[in-house]
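The two complexes that follow have chain A in common; it is paired with chain B in the first and with chain C in the second.
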Partner chain A sequence: MIQEIVSGLSIGCIYAMTGFGFVLIYNAVGAVNFAYGEIVMFGGYFGYLAIQSFGWSLGLAFLFSILAMAGLGIFNDYFAYFPMRHRPVVTVIIASIGLSILLRNSALAIWGPDPVKIKSFVGDQLVHIGNVVFPLHQLLIFIVTAFIFVGQVFFFSRTSIGRKLEATAQDQEMAKLMGIKVNRMILLTFVLAACLASIAGFLLAPLWFLEPDVGLYIIVKAFIAIVIGGFGSVYGLMAGGLFLGVTEVLVASHLTSEYKDVISFLILVTVLIVLPQGFFGEKVAEKV
Partner chain B sequence: MGFTKRQMIVTLICFAAAVVLPIFFRGSRYYMNLFNLAGIFIILTFSLNYIHGYLGLISIGQAGFFAIGAYITAGLTMGLGINYFPALLLASIAAALAGVLLGLPASRIGGHYFVLITLAFGEIVRLIILNWKEVTHGTNGVNNIPPPRLGPLLIESRFAYYYLVLFFIIVTMVVAASVRRSKYGRSMLATKVGELAANVMGINPLSTKLINFGISSFFAGLAGGLYASYIGSISPEAFDVDLSVDILTMTLVGGSGTIPGPVIGATALVFLKEWLRAVKEYYMIIYGAGIVLIMIFMPYGIMGLLRRVRDVISSREVR
Partner chain C sequence: MKKIVGNFGLALLSACAILFFSTAAFARIDVGVIGSMTSGLALLGQRQINSAILAAEEWNAKGGINGEKTKLAIEDSGKSTTQAMTALDRVLAENVCAILGPIYSFQLFAMFPEINKEGVPLLSTSGTRKLTQMGNRWYFRLYPHDGITKRAYTLFAVEELGCTRPALMCVTTEYGKSGYKIIMDVLKSKGIKPVAVTWHEKSDKDMTGQLERIRRAHPSCIISQAHPPDTAQIIRQQYELGINIPHIASSAASMPTVHKLVGKYMEGVYVEAAAIPNYDPDPKIQAWTKKYVKKFRTRPDSFALLYYDTANFLFNAIKAVGPDRKKIRDWLEKNSYKGLAGRYKFDKEHNGAFFAIIVQYHMKNGKAIPTVVKKYDFTPE
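Moving on to the complex of A and B:
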């Protein structure tokens, strides 16, 4: 039981991390980015590419993935956001759906439909605490997630660039008047989110396999985490992710494994009906 | 606002062309198949045209209603032995009820929340079909669905099926045009432009949206029923998110909120996807990039482009 909860929490951390990158972009441009799941997936695949095709070590592959993902973030901005920045939000949302199809099928064409795996930075070691046994990788996930979530508080409140990003997210017009180069900040947000996706991808790949459909799966789960927590609330997102991860594992092992995803979706629908602002969120239901 | 004389003539010519068209392709099973698929997709695209074109909402769950229509039609004709046409009607009504039911919570939310709830709906339907093996046979699907029978007439050949689909397309278009002109259609457009303002003017947003969702999912279900008996076998993978995205793309490419838009969009994309099949695994990549490019260069679809060309020409004439 405790083992199940630990593994649920570790999956939940990945949902929360994916959700965080997604919310970064959402806050900056005001539109949901349906391609973000595929971007996380590419974070993992770039690592796989460096290890498998270039024969690089895991650390080098990680660096390569971060750089390549920065490029993908720039591509995302210039291709699927920047040309449409003055158009209705709907246009940007649909463009992101197009980008997600593009990325998913590029992965299919490059790496094929078979699932692949990358090794964890900590190998396959197991941790024994009392009579609970779990992989060391799950502990790594907790540490990295905690680091990112604490780090972002510092980044957005203490550093100059973080504050500029925050200002852009809050009010683009006002930020522009304060002399902030808004377009550059948005570009930076896309890059930042893509690099974050690289980390999420590297943590995800040893846990599940990488396959072209994994992006769709992870983005849907991140959505549910975000909706449970409430759009805009980082703590809510964390709680939502962990709640979803644990619920999924417990439902799968004690109730039904076939209908586990149906139950996740029902949670989403229920929260949208009963509490559209989520458990922690500000009231943003009117925001389109 | 009635039809202008020119619109009438163009409409009549198009219908005449649609009636005559298959006579030239009668020998080609390949082209007849494409025409029929395009026809079914036209009806399906009209279903999203209500939600996106008249209410301005994005749904990526239309595949769910399509699946409901397909499976219920198959179930009623095969399991209960009901004649195809009443079964088709019942299945469409069932889909419409599902639409209204989903609309009850969904009409209270807008923007990205609406996208998410429809996504969740489509996936729930697909997962239930996948896992409820006693009824839907899971991944094996339902096979040997009988062709429609109209009295002594068995509509089996692709040629005959074409006219069945054409009949339903005309029904769909007549309904779409009349809804657009009715009080309800104007209420929908008012709600799309400004929900608060519409509300102040005495329009009930809830009932307006529910009527819209009901009609929309009715036609998605109808398309599903036609698809099931045309293809003859259905399985859950045909009804995934990709299908819903296809429908959205067709709506946008044609020009959302117009009557010719869905016809143009669905036909264009069915043929485009078929021709892109030659480049195998790359075709979905091109397809994805195409969606983004359409959003960049013609956000109002082919109809929007035509309108712009017309405006340019007419402004020259004035000068």
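Moving on to the complex of A and C:
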């Protein structure tokens, strides 16, 4: 059982890692960004490009990926959000779906359909604690996720930029009146989210591999985790991700492996009916 | 007057000559090729399309089929039945005499009604057993179907490895379910019941739950039936979780892509396959593999090799009877062909390949190298 919980927590951390940037964008612009799964995928692929094509070390590849992803974040803002910012939210959502298709097919054209992987920063050693065995990389996932989680909470509650972002998220007009450069804040959000996606891409690539469809898979799971935890809440996202990851593994092991995804969606539907605001409610209720 | 008649005759002769040579120059044989060129399914599809291109170019370089060049109408079947049907419609619009089809059975099933209606031969290298059990006289399979390969690797697990407590890991696609049924039938015939059966989605990224369930059942081997990415996950995680029992995997595990993902964990894994083009000592196969790699900058898999044989079998049929759909079908039903991978001869269901091999992988200098450990030939007498 402990083995399953450890693996489930690791999966949940990846869902949460994907969700961090997703929530960041949602809080800033009030619309879900369905291209975020593909953005995470590109974070990994940029690293793969630097390693395979340029022959760079893992560390340099990571830095390259962060920079390239910052560029992708700017692209996301200028092409899939900014021109649509005064239109209904559904237009922004559709634009994000369009961007998702563009990125997925671009990945297919550039890197092909074969799944690829990048090595972990900590190698492929296994950790044995009693009867529990897990790759050292999973430990790295726990640590990085915890760090990002604390960092994101701190960023929004204790820093000036974080508060400006929070103000922008709550009411853009009011933020403008307060002297906050809203467009710049939103651009910063897209860049930050893309950099977080780069970290998520590097964390998932050694375990889940990179392929053009992986973004679609993780965004669906991250979305369920976000809904379960409560839209817009970082605490909720963390709780929802871990809950979903552990549930999936336990269901596959003890109940049914064939219908484990059905169980996940049943949980999603149940939460939507019984607890529409998720475990941790929602900070900006009018954006539902 | 004589001059006028002479000039007219000369002009007529020239016109006839131009018409004759232009017809000869533009005469061609249209063959459809449908495969996944986009989405994750292109992993298998693109390699097969490459094989068809290679075969057609070789025929054209030798002067074509009976002097006529072959033109391939290549269309992308993507990852859905809708895309496959659109591809089929486009190919049929080119008035092709036969079609080299996709590997994925769910796309082939969708195509069958149209294929029957149009009366056009459709050849593919899909393994799904049910495809040839639907009484479709226009469909031909040139890959050992699951009834051959799954029988071979289940028999190998039981008879050669002495595995009497097998655990099964299957993917929930038609391929996985079809394979599961055959494995169960073979096990039943041997009086064996699996100690655990687990299922997973093709896109699943973690198999801990399934493998822990298997561990609790204390099996003596794992037989898996899955696609390339999930096969890689299963093999890697089995090793990581310390479940040290033999693993007999379906043909996906013979793909170079899977080896790159799995790395050292391929050590000792048994895999069923129809052929191993990258490691076959046969000089003809070695030469073909070299040519394929040089042209497409990717390594072929067993499906690609058999697709190449399939294309050549079809071109031989066209050479024998011309680009007539019905005559091609009848010729294929009656004749055999010796390809690179083996001999092909269709039975009443239109299954054309009955050979299978079991290989075991060992790591040498960081590479997974296969060794043939058992050959099976179930060709009907």
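One rule holds in what follows: the second predicted complex is superposed on the first by the 281 of 288 C-alpha atoms of A that agree within 3 Å, B and C clash if a C-alpha of one lies under 4 Å from a C-alpha of the other, contacts with A are read in each partner's own complex, and residues count from 1 in each chain.
In this section, contacts are C-beta pairs under 8 Å (C-beta built on N, C-alpha and C of every residue); 3 or more make two chains touch, one makes a residue touch a chain.
Computed from a predicted model, the values in this text were never measured in an experiment.
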{"item": "Touching partner for A:58 - first (chain B), second (chain C), both, neither", "value": "neither"}
{"item": "Touching partner for A:139 - first (chain B), second (chain C), both, neither", "value": "neither"}
{"item": "Touched partner set for A:105, first chain B, second chain C, both or neither", "value": "both"}
{"item": "First, second, both or neither for A:262, with chain B first and chain C second", "value": "first"}
{"item": "Chain B versus chain C as contact partner of A:115, first or second or both or neither", "value": "second"}
{"item": "Touching partner for A:273 - first (chain B), second (chain C), both, neither", "value": "first"}
{"item": "Contacts of A:89 with chain B and chain C, given as first, second, both or neither", "value": "first"}
{"item": "Chain B versus chain C as contact partner of A:7, first or second or both or neither", "value": "second"}
{"item": "Set intersection of chain A contacts, chain C complex versus chain B complex", "value": "105, 108, 258, 261"}
{"item": "In the complex with chain A, residue positions of chain B that touch it", "value": "56, 58, 60, 105, 108-113, 115-117, 119-121, 123-124, 127-128, 131, 241-242, 245, 248-249, 252, 281-282, 284-285, 287-292, 294-296, 299"}
{"item": "Chain A-touching residues of chain C, taken from the complex the two chains share", "value": "36, 38-43, 45-46, 172, 198-201, 203, 205-206, 208-210, 212-213, 228-229, 232-233, 240-242, 257, 260-261, 263, 298"}
{"item": "Of all residues in chain A, those that touch chain B in their complex", "value": "31-32, 79-80, 83-84, 87, 89-95, 97-106, 108-109, 216, 220, 223, 227, 258-259, 261-262, 265-266, 268-269, 272-273, 276, 285-288"}
{"item": "List of chain A residues in touch with chain C within their complex", "value": "3-4, 7-8, 11, 105, 108, 112-117, 124, 126, 133-135, 207-209, 211-214, 217, 248-254, 257-258, 260-261"}
